[in-house]
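Some structures are shown below for you to check.
What follows is a pair of complexes built around subunit A, which joins subunit B in one and subunit C in the other.
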Partner chain A sequence: MLNYTFHWNQAFKALPQMLDGAVVTLQIALLSMVLGVALALTLTAFRLSGSRILRGFAATWVEVARNTPALFQIYMAHFGLGNFGIHLNPYTALLIGIAFNNAGYLAENFRGALKAIPDTQARAGRSLGMTPIQSFRLIVLPQMLRVAFLPATNQMVWAILMTSLGVTVGMNTDLAGITQELNARSFRTFEFFALAAVIYYIIAKLVTLAARLLAARMFKY
Partner chain B sequence: MIEIKDVRKSFSTLEVLKGINLTVNKGEVVTIIGGSGSGKSTLLTCINGLEPINAGQITIDGTVVHAKDTDLNKLRRKVGIVFQQWNAFPHLTVLENVMLAPRKVLGLAKEKAEEIAVKQLTHVGLAEKLNVYPNRMSGGQQQRMAIARALAMSPEYMLFDEVTSALDPMLVGEVLDTLKMLAEEGMTMICVTHEMAFARDVSDRVAFFHHGVMAEIGTPDQLFGAPQHPDTQAFLASVR
Partner chain C sequence: MFDTALTWNDLAFLAQGAAMTLAVTAVSVTIGTVLGILFGVLRVQLGAIWSAPLTFVLDVFRSVPLLIQLVLGNALQSIAKLGWAPFTTSCVVLSLYTAAYCSEIIRGGIGAVPATTRRAARSLGMTWWQDMRYIVAPLATRVSLPAWIGLTLGVMKDSALVLWLGLIELLRASQILVTRLQEPLFILLICGVIYFVISFPIARLGGYLERRWSPND
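Now for the complex of A and B:
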């Protein structure tokens, strides 16, 4: 057990390759958040709509996204859809799986944020002659954004970490995929994965820090 | 002129306004007093169309408030309202709070809106607070800001819904002084209030509401000096 000799050099030599993978990881996470926010806004609108079908659709989405494993969601996007003749490449399947997950959590986040803004705010806007849309856009939405911002940041970090599940659907260009391939060739499992973990950690920390700085600039009250 | 004719209003099975008749002329200050649940605040939110009514009619300068084809957004530009909870917009500075509606609703240029906002804020004594966020101010200051925000739309009528009820006693005076100033400038006002001294001081007429009915209306001298209705007498005896 103690016979294992660490070969960190091999891992460090692969660092540039792994950093290229980290860029892909960040790219997928960012795209999945953009898609997730757009979908979550749509789901939130559905949940507030008068139609039972739309409300049911949105509620089901949120329930499934939040109460099943992310791995299952990504599997479904790749192999599940494949069974119906929709063949997505690993990159797209991973992106869609994570966006599905993001949308569920973010929709719940947006709903909470909407509830946090008292009705009297919109009413005050209306009584100044604003239309319902103006009063939502100018008064309610900016306040919602503040409430929703930090939880959304957490979801972004979660999205970065979820990208590592891509290896299970054949993703080989992101950080986890590249690490896995390096490992398969060298069997330096500990070194490669420890280095990958450090890179994930640093990305996550940088994203959180950037979000904090952005929040401090955006929300001055 | 605001004309309220036989207005009835219910919240589900509870009838809160049971046929109110009241006419308020240009330049007049009418205060409404009465116990809680008497329907006086509800009447104000019906006047600017925030609440629908079940029967009767409210007209403002000939426009029927609750008619289907009435543009309420347009109507509300000339009927300002200030609530018990001042509803400051927390994400905007004091200046931005007041500028927002003139810019977005009236479509004024930024410079013009700012000029109006500064003027109104100076008027209510907040010239020093322009770039402060509302949560850094006292309730009295926030309430005066809400008054300036309503006035920045150049309304012809102002409705005040118990604007001092949520304030610390020591802050009530500054807000009442602002209302008094407006009354002296000739603003047409309907004030729902629990401040009897204020009502006696500024009103042209005082109305007493009791269980959704306007039990009595008259000059301050008549209503406070020689109330006719037994419910008015009982109410005034209880608040003195």
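Now for the complex of A and C:
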């Protein structure tokens, strides 16, 4: 049935190139997470604020991010912004798309975590003479991060997987992009993409492991 | 924005794309759920050690980007000379992808049924199957259904990736229109609205069920 000769050598020869791509993948994922967490904290603050406009803005962002495909969001950043004369390179478009997506999911995650912290905690801080900001930063935030950390780890893995979508907007420096270029040159599709899959799997597992170790250190008590 | 070159025919083209998205989703979620329930129950029955190989394989589907899975699936079917159409390949890959997530949900649902309840059922003389059918299934559904709705929506959104295999679903259809009409923002907005309109009400329903059925009240 399998009248096909596998050429793994070609794939292994390209391994250094693909590992370079893996570094770019990890870089985009990390950057998008940093941006995503910052945006998500802002959105959470908006949601808790008294202004209806800010609340509406945050709610719209979260719902759009969660109810449309990530690929659509990347397309929006890449093709949609072209309408305003903003022509982003694939790297930036990919980063913006994933950061937008991350922010939506993380904001929802932070909101859930915030709900898990009883009001009395913040009030206890206040009655000890802390300012509202101190009580949020020293009492609520550490507990909130504890609850939100594991779901955020999942989001990080998601971000890594999402970077592979960049290839659809012409990204050619990340792992999926490099794999696709190698594939276009040699048509050894299965070998190259199987190797890419293994690398993605290892990255995802390493990130999960690193997050677990980090959590064990940070949240000892 | 209002003087657009978009015609009713183009909108019908988008609707066809949306139908394709829904068709791929329906087939994949149906097959994926059946497989997911099977794998989930199997994993619980076998225990952590004996089900390790199955767990590993399913975990691979959750740790490798779907795009890569689709390309690999397509390459495999052509290597094996199966001659599948892109639709079949997409559905097979998406079904396995769904099954991997679904088995995790099912496992969680079964795990949420207290062991004492199940032992009580068995000591009343129920068979394993009766226990599963009358005790575990109703209780596990409460825990699993909201997550399953989330998964279905996730697969619906992820099914956009099948455009890479040449299937003309909603996003690809809008991309074709963008290329022809050069009105990226307007057409992509329509596409986004369609996704949103499909996804948002169901997501709300899932959220409602989750609140309504949360075990603590």
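Following the convention adopted for this analysis, the second predicted complex is superposed on the first by the 220 of 221 C-alpha atoms of A that agree within 3 Å, B and C clash if a C-alpha of one lies under 4 Å from a C-alpha of the other, contacts with A are read in each partner's own complex, and residues count from 1 in each chain.
Assume a contact is a pair of C-beta atoms (placed from the backbone, for glycine too) under 8 Å apart; a residue touches a chain by one contact, two chains touch by 3 or more.
For clarity, every value in this text was computed on a predicted model and none was experimentally measured.
When both complexes are overlaid on chain A, the residue A:131 reaches subunit B alone and has no touch with subunit C.
Within the superposed three-chain model, A:67 lies in touch with subunit C and out of touch with subunit B [touch as defined at top].
Contacts of A:121 after superposition on the shared chain: subunit B is touched, whereas subunit C is not. Contacts of A:56 after superposition: neither subunit B nor subunit C is touched.
In the superposed model, A:112 makes contact with neither subunit B nor subunit C. Annotation for subunit A, partner touching more residues between subunit B and subunit C: C.
Of the two partner chains, subunit C is the only one that A:197 touches; subunit B does not reach it.
Of the two partner chains, neither subunit B nor subunit C is touched by A:170. Touching of subunit A by both subunit B and subunit C, each in its own complex, is seen for no residue at all.
Of all residues in subunit C, only 60, 63-69, 71-72, 74-76, 79-81, 153, 157-158, 160-161, 163-164, 171, 175, 178, 183-186, 188-189, 191-192, 195-196, 199-200, 203 touch subunit A in the complex they form.
Of all residues in subunit B, those touching subunit A in their complex are 48, 50, 73-74, 76-77, 80-81, 83, 85, 87, 89-91, 100-101, 104-106, 133-135, 146, 149-150, 153. For subunit A in complex with subunit B, the touching residues are 120-121, 123-131, 134, 138-139, 142-143, 146, 219-221. For subunit A in complex with subunit C, the residues that touch the partner chain are 1-4, 63-64, 66-72, 75-76, 79-84, 157, 161-165, 167-168, 176, 179, 189-190, 193-194, 196-197, 200-201, 204-205.
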